[in-house]
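Below are structures written as structure tokens.
Two complexes follow with chain A in common, the first pairing it with chain B and the second with chain C.
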Partner chain A sequence: MKKLWYLIVFLMLFWTHPSSIHAESTLQYLIDQAPEHSIVRIPRGVYHESIVLSKPVTLQGNGQVTIQSCRKEPVISIKGQRVSVKNVTVIQCSQEKNAAAIQVSGTHHRIEHVHIRTKGIGIKLEHAYHTVITQSSIKGEKQHNGIDLWKSEQNVIEKVRIEKVRDGIYMEQSDYTTAVQNLIQQSNYGIHIMYSDHITIQKNISKNNVAGAMVMETKGGKIENNEFIFNNRNVHAQGILLFDATETKVVRNNISYNRVGILAESASNNLILSNEVRGNFIGIQFKEANGNIVSNNTFISNVNEAQALSSSDNEVKRNYWDASLKLDADGSGYSDIPYKTNPFFLSLTKDIPEYQLFFHSPGMVVLQKLWKSPDNEAMTDDSPLMTAKIQDESKSSSGVIIVFSLLLFLGSITLWRIGRKKEDA
Partner chain B sequence: MATTATWMRAMIIHMNEGQIYKCPFFTAGGVMRNIWKAEWRLTIRQRSSYTFVFLWIFVLSLLFLLERNNPALTGYTNMTGTIANIVLYIVPLFMLVAGSFSIANEMENGQWSLLCTYPLPTIAYWVGKLCGQLTAQSAIFSLSFSLSLLVGTLLGSSLSLKWVLILYIFSISLIWFFLVIGLTIGSFSETRWQALILSVGVWFFLIMIWPTAVISVLSFVPYPMIAPLLKASLFCNPAELLRIVFVVQLDGGAVFGQSYDELISFMQTKALWVLFVGYMFIFSSIMLAFSVWKLERKKRQ
Partner chain C sequence: MRKMYFIFMLCALLIITAACGKKEVSPRAIDEKNDKCAQCNMAVMDNQFATQLILKNGKTFVFDDIGCMYKWKSENKNENIEAEFVRDYHSKEWVESDKATYVYDQSIRTPMAYNVISFQDKKDAEAFISKNSGKILNFDQLQDHKWKMNKEMMEKNMQDGHTDMNGDHSHMDEGNDHSHE
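After this line comes the complex of A and B, so read on.
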């Protein structure tokens, strides 16, 4: 009887799995058999194999398709040109160094609706050109980069959700790369740019990373409308770092609640315009940075608004500083009183960061006199903006407020009248 | 003198009321309620209450107009910080003076000695005083707050309800804590002059010089002790604790930095209010214990 049961269970197991076993042995075969420019439709199932796509075909999953491999080779290798991969889940479980879930070279490829779980690199682009990665996700184990570009140009990465990797998007010597509407979180650096010129970074959200964006050794880039927020988990955490970057535009970004909002080190001739810099420990910090223009930015409730170390030749003007004393005598919209930032909390909290608790404390007036910050570290804005230039968050609720104040009035006047009433009891 | 007369009249009238027979005057509850009512009436009837109304209207209108210059901003800004600071400068000082004078005045004009001839429970006396002062001062403050708010809104200030509510709760809590401290100061002083000096001293210590004092004391302790002591110090100064809660409630908690992450995220939960009410109760009880101890000593003399 027992033997019969074993036999039944064995048969059932065998019966339910033949499709995957069958497909597993033929996925590469299917691809090899397909003519060029055709669509290879993969039936749903789990495929334990690594595949190579070296001719122009479209690999498309029908339903839930998972391709999994624990070998050092990439789970999917894309070569040649015009290869598309759509609607598959890729799992790379190899622990080996530089093991990638997907490796791309060649031109005009497209990766769409691909969801990657990896112990190694998510997508590695090496000598890849005009490739588009879109509407996908990558989840790693903080050991390797999410998307790694090496000597690849003109590639587009959009709407990709990346988490728990080393660097979300890492590009080295990859000019004209575009990253749009990606979300990168819980990683080391959100976007890391090295020796790559003319890159475009737009509408990305990079949060809860060590750094929102590290922009290094680059020229002529555009960083616009991004959100670099809550990057504060590390003593070296920044919203955005410009290191040896030149002629880069940092425009209309929301850089909030980081340790340092914008750090420009050895950077020159950059434009930092119309950003909202809010609630950072240091709003903007310059180290040996010269010839940069900082204008029309909004600085709100930063513990230290700005600090300049060995950086004298920057043009800081027409920003909104919520701590500045403002007086506009001629109605120009700019204050007549120059604003000099005082990063004195830096010296107060240098040894004991806990003292930050006294930020905005009413007793700070006394303490501020005792802890003078060095004069040469201040930044001066000659004509600060009178009003902040950020989107109106329309906080008004006048009707409710009037009702509230009337109720309060009635309540208090009743108490008042009872108090004034002649004793009649 | 006029105030004494009113007080006495109130006491006598209440003693003569029919309710005496139903609810005997000389039970703790009865005494407390009578002192509460008397204190409330007395404070509202004083000419100074009108001065307070004008003062609050002036200050609060200024604050709402200040916030008006911030039309596009929500949450915690430097302006909000400044507004909290103005409230912190002015409310505690006046509440300390009002609270301490309420008892010191009776010490000075002999009314306390007179009251001592009745078998008055000291706790009832103190709690009655607190309730009376609290009712009167909150009525005065709320009246001014509602008028300034109405004027501000009609003049085109766009304020958010959340912001207004948080500011109101912040101010009323300040009134509570500093009336409690004020009454304690009153219990410890013989004359109004003493009460004034003590009130200003306490105000200066808790509000003006607090960070400097804490930092100087902490420079003597070993480094690992600093963080826990700083957190503990929050509970020694209700003004500072209220300020932190205020900032956190306006989503500005991040400005205090990494070291306070846990504290800040705790303050964003509902459990904060349980802790807050508990703290209010414990703080007031400690102050009550000190005052009663001192008043009882005075009684025996």
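After this line comes the complex of A and C, so read on.
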């Protein structure tokens, strides 16, 4: 009888475990009861509910807190002003179209240390302004976007790790969006800009996607110090696409090992400066792109350095092309022989892509030499750089050379002294 | 006997020429992994916005938005087009473009924001409009449609001092498909 009594007490204790009770009923209750500008601390546990935050409060997880829902509604809806969500894991398991883990509208919200696993959209911002998403992660199932901005302005996305989603960060009609130090991988497009002006994309890494960045229908943006690398898993893969982009600065990016490094189509008045374009199938490709400046870039080990078609009035100068013939008679640091690309291969393969099989075949090389393209269709660098400008690598390599020379010098002195000692003996 | 042979040959010839005349062009399936829009370079999803254009030489172009197809046509007027297809908004089946009914509304989200969708049946188009909003266009009217993307239109509205599109104007649920979904 005593044993039975213990069992009943044990079962009662089990059933009244705090996380189960709170998970079912009290999270939204806690939020509703909390005064404005207070901190709602959530005890560790798994909470199966979707919640709405519509007043200025901070929702903070203490320990491992998971909020999970398989309903079409967002797991967390953020509305109004100055809502913060910190230290929680959010799981959206709904298969419904457009289901989001977190949906944001309103102004001055903050999402920090939030880790999302979703079958739908990660974070959806609609009419959201001055919101910061930082130090978080999103893992999807490749069907929907990681962070999706629609008619939202002045938002900042920083230090977010996004993987296995459709587009890592997608913005449409969302001016003045800033994306800094994010890592986006194994997705369709890393960063996708549509009809959004004055965006800032800095120090992000976008790798192993179909495209590093699709910069479309935009004006006045800054794309600086990013790494768009290994985006080569698709026949149409590219590091960065500028489509109908104007007055956009693409500066000091590492655009390497993609199928096409930089593709600029119907793009005008953009600045493409000081980028390292390495190991791509095609380094830079222009199609109907006019009035752009391409300068001080380094093109190394690209199978095909540059192609231009129906593109004129572009200022291409002072780039380093490793395949160009170089002669610097006056010691200016710039070659006296202009480097001219030939778009013959691109025009040939445009209509019949299968001809790509003949790339660099002897017959094709002869044809390319015979077929001189008109000047206005070629990309010509009038004064190519004599040496590549890769600061970090040159520094490290010169350092290695100095250390190696010192070691050699010390070694030879030691050997010489040992030899002398033996002679003296 | 010779007459019979002649008649037989004539019939055979007629059948062959008739068969040639009835050469049907059928649309191909969308390959999401490898298809990209011939106009805007974006991946073409196997969804209700995909369109397809087949040239007389057998070459096929796919587009992610009806607007992209019309923009391509305006830039490639010398190409001989054999057939063009759009999708039914609900069933996602291919429909010959001249047999479809179209709906335009600025709040309909399409991949490149040209805001035009297509239906096999006019009734479905009318039902869509009664539930949401929009304007019905038949194939002939679509040829005169001004293909403008919504950002341009938005800027124009702003300049004209019309409504602020960044305000509370919510986009339609049914047209709430993102460019690439």
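We take it that the second predicted complex is superposed on the first by the 336 of 425 C-alpha atoms of A that agree within 3 Å, B and C clash if a C-alpha of one lies under 4 Å from a C-alpha of the other, contacts with A are read in each partner's own complex, and residues count from 1 in each chain.
One rule holds in what follows: a residue touches a chain if its C-beta (ideal position, glycine included) is under 8 Å from a C-beta of that chain, and two chains touch if they have at least 3 such contacts.
The model shown is predicted, which means the values in this text are computed figures rather than measured ones.
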{"item": "Which superposed partner A:Tyr257 touches (first chain B, second chain C, both, neither)", "value": "first"}
{"item": "Partner chain in contact with A:Val366 - chain B first, chain C second, else both or neither", "value": "first"}
{"item": "If touched residues of chain A are counted for chain B and for chain C, the larger one", "value": "B"}
{"item": "First, second, both or neither for A:His236, with chain B first and chain C second", "value": "second"}
{"item": "Partner chain in contact with A:Phe281 - chain B first, chain C second, else both or neither", "value": "first"}
{"item": "Partner chain in contact with A:Tyr355 - chain B first, chain C second, else both or neither", "value": "first"}
{"item": "First, second, both or neither for A:Ser312, with chain B first and chain C second", "value": "neither"}
{"item": "Touched partner set for A:Met216, first chain B, second chain C, both or neither", "value": "second"}
{"item": "Doubly contacted residues of chain A, that is, touched by chain B and again by chain C", "value": "none"}
{"item": "Residues of chain A that touch chain B when the two form their complex", "value": "230, 232-233, 257, 259, 279, 281, 300-301, 303, 322-323, 349, 352-367, 370, 387-388, 390-398, 400-402, 404-409, 411-413, 415-416, 418-420, 423, 425"}
{"item": "Complex contact set, residues of chain A against chain C", "value": "97-98, 127, 143-145, 148, 150-151, 153, 166-167, 170, 172-173, 188-189, 192, 194-195, 210, 214, 216-217, 234-236, 241, 243, 263, 265, 351"}
{"item": "Chain B residues touching chain A - in the complex, by the definition given at the top", "value": "9-10, 13, 17, 19, 40-41, 43-45, 69-74, 76-79, 81, 84-85, 88-89, 135-136, 138-143, 145-147, 149-150, 153-154, 158-161, 163-165, 168, 207-212, 214-215, 218, 223, 226-227, 230, 234, 239-240, 243-244, 247, 252, 254-260"}
{"item": "Chain A partner contacts - residues on chain C that touch it in the complex", "value": "33-34, 36, 40-43, 59, 113, 149-151, 154, 165-166, 168, 171, 176, 178-181"}
